[in-house]
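Alright, structures below, take your time with them.
Okay, so chain A shows up in both of these, paired with chain B first and chain C after.
Up next, the complex of A and B:
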């Protein structure tokens, strides 16, 4: 099961997302898009499409700014618009997946 | 001289000093940054409290206080002058024309020489020890004498020094060359950090070193004495494990992690001279990371 498929399964069956799709870009990176069951952040619009980048914790344990910049521009090509944020899905080899927002630019931390 | 008279004298003196201080406020706003010694120790250490205040209030430059408080030598939570500036703070101040570097070692020697020559520079410190020692034994004449104390000002206000302080200004390039000789950082690292600093500075943030939170910088939306820190900044790379730990921790204390670096992995061409690298900032990109709140 590839990283993308693991994240896909987790989003559909554990987090109850709908319309979850896998997007292969140049066979290099896989992106997952879908719609979460409820707004993830108070400033989101209803049924806002969310982009998830699956990433293995074990294989490659650090990410660089240029890599993240590439994700944003690749998604911009897929979706015709640059997203305000992407979500990174960090997959561990024990099946755990954690999700983190990566916002474009310097943004104020969310005040819970 | 009785106690009351001494207090009166001090009060009178203090008010005249205030006026003097007002007059001595540098109107140009250019702060002198004293370099300890260009050859041996090219650190910038500032003892002048007024300059520290200008740097903080006007330019948003914090530095770190490194001196012990003489009254409380057994603690290091509250520290005192000198204020040490980081190299990127120094570069930013000089590059934007807000400050100039001064070769303090040579300047002091020259100043001492001029003082010794006498007449050319007046010393502001008032030595008010009793003039006629012979009266010391006769207690009843004390009323008529000047108070028996020395007034030493805590900042150097001898205005006439400004006439020649400019002769000891260090060009930024010379300073950087001296600095890298004594530093473990390479010139590329210094310049890259400077550009990162500048990017955030121009967004209006105040910055402190980030080691306390496991990052390279901590940024504040205003003076840290009045605002909570905002974000932990990491340069160029972030480790996924750190991201998870930091992201959860930062989210719980209402912070986020910012990863900041060059858009392309092209390092500055080292064949270029330093000025060219300073003036041609690489395109910076930043991303803010926080816990998504699900999964």
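Up next, the complex of A and C:
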């Protein structure tokens, strides 16, 4: 199972997302898109399509800002619009996948 | 279920701390007490020792090895359901790929899709968490409505109807805050929202296949092979497995991340701790006193090598310490002293008839030192 497939399976069968698809861009990065069962953040107006970038914790644990910027522009080309945020899915060697938001710019902090 | 009964049940299910069977468990034999000042007890002990060793075969010698498969994707996979249960129950090894820890996906999915009307109503940890989150969500929705009305009130735009609503909301929220989260089985209404994705899983009204497998970390796999010898990974020898694990985390050298992690893992496992991955808290490992079902992890382990290039800076340390402090765990820095490259290579390349001895000699060259790290706020810790 590739990294993308691991995240795909996790989203579909653990987090119960629907319409999950893998997008290979230039054989370089894989993006996963899909719709979560409910909106992911309380500040969202409605449930929407989300973009996930799978990464491995063991093989390459550092990312640069330019890499992240490239994700946003690559998704903009795939989806005709630049996403407000992407979610990074970090895969550990025990199969745990932890997800973190990366926003395109500054956002208001949410109330806990 | 009362707490005591629950504890008893847990002790029963998780009675073995490692996936090995001892003669004393299997045959119910126990060695007599040895009194150093009483030679008769020595004699008695000796005859019993010979008896046990000749009359009873060692149970572990007849156990079949658990199959672990390993492909080019670098995942150590256990797919047989019985083996999955055994590795989880005896020492909490591995993690279900579609569960938080124990592989429960199959049971959860059967329940979710209503494929078996008489599934036991026991709740999995994942369901409890979801329920808590739902309650919290409801609370937050009420609260934001309250805040909206309060804002209106301050601006003086509030109508009579709204101000009575405001009072009501205040009361509901106050009562919601008081209620302890309670779990009752019937509070779970299981609606089956069948997704397009689920149709694939169902075959003649039953769950077609188990998509979940148990994934072992490299350090767990090597421990189960080298230290307790209960698994078979493809047809790898211990040394082949070692080299493969090292390759996953970089070049073969004394400070290879896998080697350092393994040294620390083995250290705590042999002291009786249950060691699990610490990725959720930004550290390398978590130490549990007995295991996840019994009690929360107490310690977060960060493995630090004596390789200068791999040191953490103060910002990273401070960030980790803050995260670990807020979840009420203790941060442990584990410094691993590693041997020189020459000594490491000379042992790895010399001929041993027993690979177990080779790795014993290799790991003896490492030294582990622990330091507790704690954030201290002077004003908050006065008596």
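Here is the rule we go by: the second predicted complex is superposed on the first by the 109 of 112 C-alpha atoms of A that agree within 3 Å, B and C clash if a C-alpha of one lies under 4 Å from a C-alpha of the other, contacts with A are read in each partner's own complex, and residues count from 1 in each chain.
The criterion applied here is as follows: a contact is a pair of C-beta atoms (placed from the backbone, for glycine too) under 8 Å apart; a residue touches a chain by one contact, two chains touch by 3 or more.
None of these values were measured; they are calculated from a predicted model.
Trainee: Determine, under the contact definition given at the top, whether A:89 touches first (chain B), second (chain C), both, or neither.
Mentor: first
Trainee: Chain A residues in contact: does chain B have more, or chain C?
Mentor: So, of the two partners, B touches more residues of chain A.
Trainee: Tell me the contact category for A:57 with respect to chain B and chain C: first, second, both or neither.
Mentor: both
Trainee: I'd like to know which partner A:42 touches here: chain B for first, chain C for second, both or neither.
Mentor: A:42 sits against chain C, while chain B stays out of touch.
Trainee: If we overlay the two complexes on their shared chain A, which of chain B and chain C does A:108 touch? Say first, second, both or neither.
Mentor: First partner only.
Trainee: For A:14 in the superposed arrangement: first (chain B), second (chain C), both or neither?
Mentor: Both partners, chain B and chain C.
Trainee: After superposition on the shared chain, which partner residues are touched by A:98: those of chain B (first), chain C (second), both, or neither?
Mentor: both
Trainee: I'd like to check the shared interface: which positions of chain A are touched by both chain B and chain C across the two complexes?
Mentor: 10, 14, 57, 90, 98, 111
Trainee: Where on chain C does chain A make contact in their complex?
Mentor: 73-75, 94-99, 105, 109, 140, 144, 195-197, 211-212, 215-218, 220, 248-249, 257, 276-277, 279-280
Trainee: Where on chain A does chain C make contact in their complex?
Mentor: 1-2, 6, 9-10, 12-14, 16, 18-20, 42, 57-59, 90, 92-96, 98, 111
Trainee: Name, in rising order, each residue of chain A that touches chain B in their complex.
Mentor: Where chain A meets chain B, its residues are 10, 14-15, 36, 40-41, 55, 57, 61-66, 68-69, 87-90, 97-112.
Trainee: Enumerate the contact residues on chain B facing chain A in the complex.
Mentor: Within the complex, chain B contacts chain A at residues 200, 203, 230-231, 236-241, 243-244, 247, 250-251, 254-256, 258-265, 285-295.
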